[in-house]
Amino acid sequence: MQFTAGQIAALINGRVEGNASSVVDSFGKIEEATPSQLCFLSNPKYEDYLYTTKAAIIIVNESQELKQPVQPTLIRVIDAYTAFATLLHKYQQMATQQLSGIEQPSFIHASAVLGSNVYLGAFAYISEQCTIGNNVKIFPGVYIGTNVTLGENTILMPGVKIYADCIIGKNVTIHSGTVVGGDGFGFAPQPDGTYQKIPQIGNVIIEDFVEIGSNSTIDRATVGSTIIKAGAKLDNLIQIAHNAEIGNNTVIAAQSGVSGSTKIGNNVLIGGQAGIVGHIQIADGTKINAQSGVSKSVKTPNTVITGSPAFDYTSALRSQAVSRNLPELEKRVAELEKLVQQLLQEKLV
Amino acid sequence: MQFTAGQIAALINGRVEGNASSVVDSFGKIEEATPSQLCFLSNPKYEDYLYTTKAAIIIVNESQELKQPVQPTLIRVIDAYTAFATLLHKYQQMATQQLSGIEQPSFIHASAVLGSNVYLGAFAYISEQCTIGNNVKIFPGVYIGTNVTLGENTILMPGVKIYADCIIGKNVTIHSGTVVGGDGFGFAPQPDGTYQKIPQIGNVIIEDFVEIGSNSTIDRATVGSTIIKAGAKLDNLIQIAHNAEIGNNTVIAAQSGVSGSTKIGNNVLIGGQAGIVGHIQIADGTKINAQSGVSKSVKTPNTVITGSPAFDYTSALRSQAVSRNLPELEKRVAELEKLVQQLLQEKLV
Amino acid sequence: MQFTAGQIAALINGRVEGNASSVVDSFGKIEEATPSQLCFLSNPKYEDYLYTTKAAIIIVNESQELKQPVQPTLIRVIDAYTAFATLLHKYQQMATQQLSGIEQPSFIHASAVLGSNVYLGAFAYISEQCTIGNNVKIFPGVYIGTNVTLGENTILMPGVKIYADCIIGKNVTIHSGTVVGGDGFGFAPQPDGTYQKIPQIGNVIIEDFVEIGSNSTIDRATVGSTIIKAGAKLDNLIQIAHNAEIGNNTVIAAQSGVSGSTKIGNNVLIGGQAGIVGHIQIADGTKINAQSGVSKSVKTPNTVITGSPAFDYTSALRSQAVSRNLPELEKRVAELEKLVQQLLQEKLV
């Protein structure tokens, strides 16, 4: 898609300074831009690039002063960074909304109900009794099991798999390869040492405005639902086990895992590669550092924890500091032992 | 599928109390059930739900006494929990067995041999010289490489990929996105700092009754076989490297990794996010805690280990306890140093 | 494919001893080989297998002496192990080069440009404006987004997904299920506790001779590029976040993660399940042990680090040793306290 400086200024309430019919077709960094790109300058530290950039259009702050004439068309706004981000959003929404229609070959069961302006990529598969909301975009190779509901504006990137009976809200984005609704990991030990599978007949509910990264796995509940609440953001390669609940606006970084039946509160932040055991509660606003291993419930909101097993951040840091000096501490104890022995010897004399 | 109380009682050797023609079409929790659902009551603590539930049919223990009349039809059995689990199993087997036929478009090489009652979903791909057993269910988007064998009753969920020459046993279930037989990670360093790939010409053997979760990766052997033995259960996002062996009925929780050529014994339990180095042996019945890092062979059966590097559970717990009190210990040493200095000073006087 | 001893000897500059028309169709281990297999003997320790193996052809060192007549045809070379590896390479290249043609159904946008001798498996999807080099092999179910470039001889195994605008070099191999170019994980916190997505408009560049394992995730940059430099080798289930850079010939083992904007130098070795925080630099030749958590830049080349948080390997080992003896150290301190109290008491007397 191509846009003129005038069109862009209209989208972000900006004021054009220079040629309003300059045309761009993509976004770039000011220091590397090509002549068909749009950039922004927010940090005055980088002002010099204004005079050397090859970009056709630059979004700058109203307050930006110029030491010399500039080549590109400027669009002046109150806050260049925010205006640029807003523009990107609008651009991506437009690009996504343009996607429409059913590519062939694809597989849609006769009983599935599709809303308006749906995109279905080739090799996508929709099972019986599915309900697909308006403006849903289903990329190539996606699999949707029986009786799944997808809310409007939801986007499933290539190769996402949704097992039967799961419910996905509105404005959800799920990235490639993520599996929603796989069987929870439940096996009952038998007297002969083998394991008997415990059927997993629950589902997964993903509420509105959730985003999930690539190749993550969200298991269905044994009975009832595994729930990812509205606004939660999950990164790549994350494991959410059966019957877990992830609170509103909770953010989980890549490669972390939440075990079965654990309830994570709202606005929790979980670093990468952290693990949380099953059947515990994590209070709202808890911060869990990367690689932590959380083995107990966190009851006080806004607690910061770290380590494996995880405990209070400040005392963990102190322990770590001493821990690194352990060989030194050991030497001090040995020295003390020698001195005390001397004192004891001398006393005997 | 719909079932009457009479049909269900026959399946689980139960006795109907109430209307034998009550009909259900799904399973629920007693406290949340809708009027077309079947539930069970096992724990007497929840008896009160018997009198308030909306469920049509409830499986209860023979021993369950009633304080007042109940609305739903009861099915009395010796052990309600086990009967419910058995029923779920039978139900899921029936549902799976009903799946049959070759959906279009799919890709089957002319040289592939398919057993009876096979289901092949759309966009599934079967390469040359494959042998697919009776009652195998291959969901949409599965890829099966050249010369792969699948034993009877095996289920491959959507998007599973099996590389060439792998052998999958009977009654195996593999969940979405899991990759079986990808190249082992072997590269020989060259004098110029680059790496030369070591061809990986072995395969993966997965024995009977194995279940593997979603998005796991089981690499093929360099030469010979990577083996997952009968009855082993692997969760999601697990890495099994080339030439590893996983013993019978061994259970591995999510996000754990087993490095190359390591042999894990039978009935081992491995917690989530654990890592095991290459070329070691883990004795039968070993328990490895979550997030452990196992760097040495475990030779004594039924050992419990924890930590990274992992060692004996009891002493690890003791070390952890002292470890948390390290700043305190450091203070005690400093105090001792002061006192001993005093004593030494005084002695000099 | 079948080969005679004569053909094989020509490929590896060997000398046939025995029947030059012996035929093999696969590779095996000398101790387990079937009569249609080729093996090698490099380690004299295993010489006895020469006289008992069922293999048809064996590659041996020129220097190998025979104590008795052998059944198989021998091919003598200077270094049997290297010759065998070379042969495997050539065999796999031949097998891959034979793959050619466009299987149906597949999806190729009219604007995509395909080189010569390309293989495109069924259910693969190529979006608009893609450029596919000569000899590229795209297996079934691969998804390639808009404006992607694939260099010659590159191989994408089944179910790989490449998002829009990514650039993949020559001689790259990517294994099944790996996702290249998924959105970086960037969300700006809002005053009401929700998060606003930061559009990720950069791409991923994968340079020549890179190999990536199965089910890994390489996120696109926010702006600019996430870069995997030439010759890097990544294992399975690895996370590379937005704007990260992985240096030439750097090797990363399974389940490790590199956070956003971190730059890893050349010829770095990263063990399995390691994590590296964002916005740091790791010097060339650094060795990071398995399960390490790297929280600070490593500035000195060839440093070895371990632990979480990671620090210098030697002092980490020393701390670990003391750490295991912590309960013992605590006892020694308690004993000292008792003795010093005694001394103080006696002094008072």
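The first chain written gets the first letter, and so on, giving A, B and C; residue counts start at 1 in each chain.
FYI, a residue touches a chain if its C-beta (ideal position, glycine included) is under 8 Å from a C-beta of that chain, and two chains touch if they have at least 3 such contacts.
The structure presented is a predicted model; accordingly, all values stated were derived computationally and were not measured.
Chemist: So if I superpose chain B on chain C by CA, what angle comes out, to the nearest 5°?
Modeler: To map chain B onto chain C, rotate by about 120 degrees.
Chemist: If you list every residue number at the chain A and chain B contact, are more than half found on both copies (same) or fewer than half (different)?
Modeler: Counting shared over all numbers used gives less than one half: different.
Chemist: Counting only Cα atoms for the centres, state how far chain A is from chain B in Å.
Modeler: 26
Chemist: Specify, in ascending order, the residues of chain A that touch 2 or more different other chains.
Modeler: Within chain A, residues 105, 123, 141, 159, 177, 215, 237, 255, 273, 308, 323, 326, 329, 333, 336, 340, 343 contact more than one other chain.
Chemist: What residues on chain A touch chain B, complex-wise?
Modeler: Interface residues on chain A, with respect to chain B: 105, 107, 123, 125, 141, 143, 145, 159, 161, 163, 177, 179, 182-183, 185, 187-188, 193-199, 201, 215-217, 219, 223-224, 237, 239, 241, 255, 257, 259, 273, 275, 277, 293, 308-309, 311, 315, 318-319, 321-323, 325-326, 329, 332-333, 336, 339-340, 343, 346.
Chemist: Given the complex with chain C, which residues does chain A contribute to the contact?
Modeler: On the chain A side, the touching residues are 27-29, 32, 85, 88-89, 91-92, 103, 105, 121-123, 139-141, 157-159, 173, 175-177, 209, 211, 213-215, 231, 233, 235-237, 248-249, 251, 253-255, 266-267, 272-273, 290-291, 308, 320, 323-324, 326-327, 329-330, 333, 336-337, 340, 343-344, 347.
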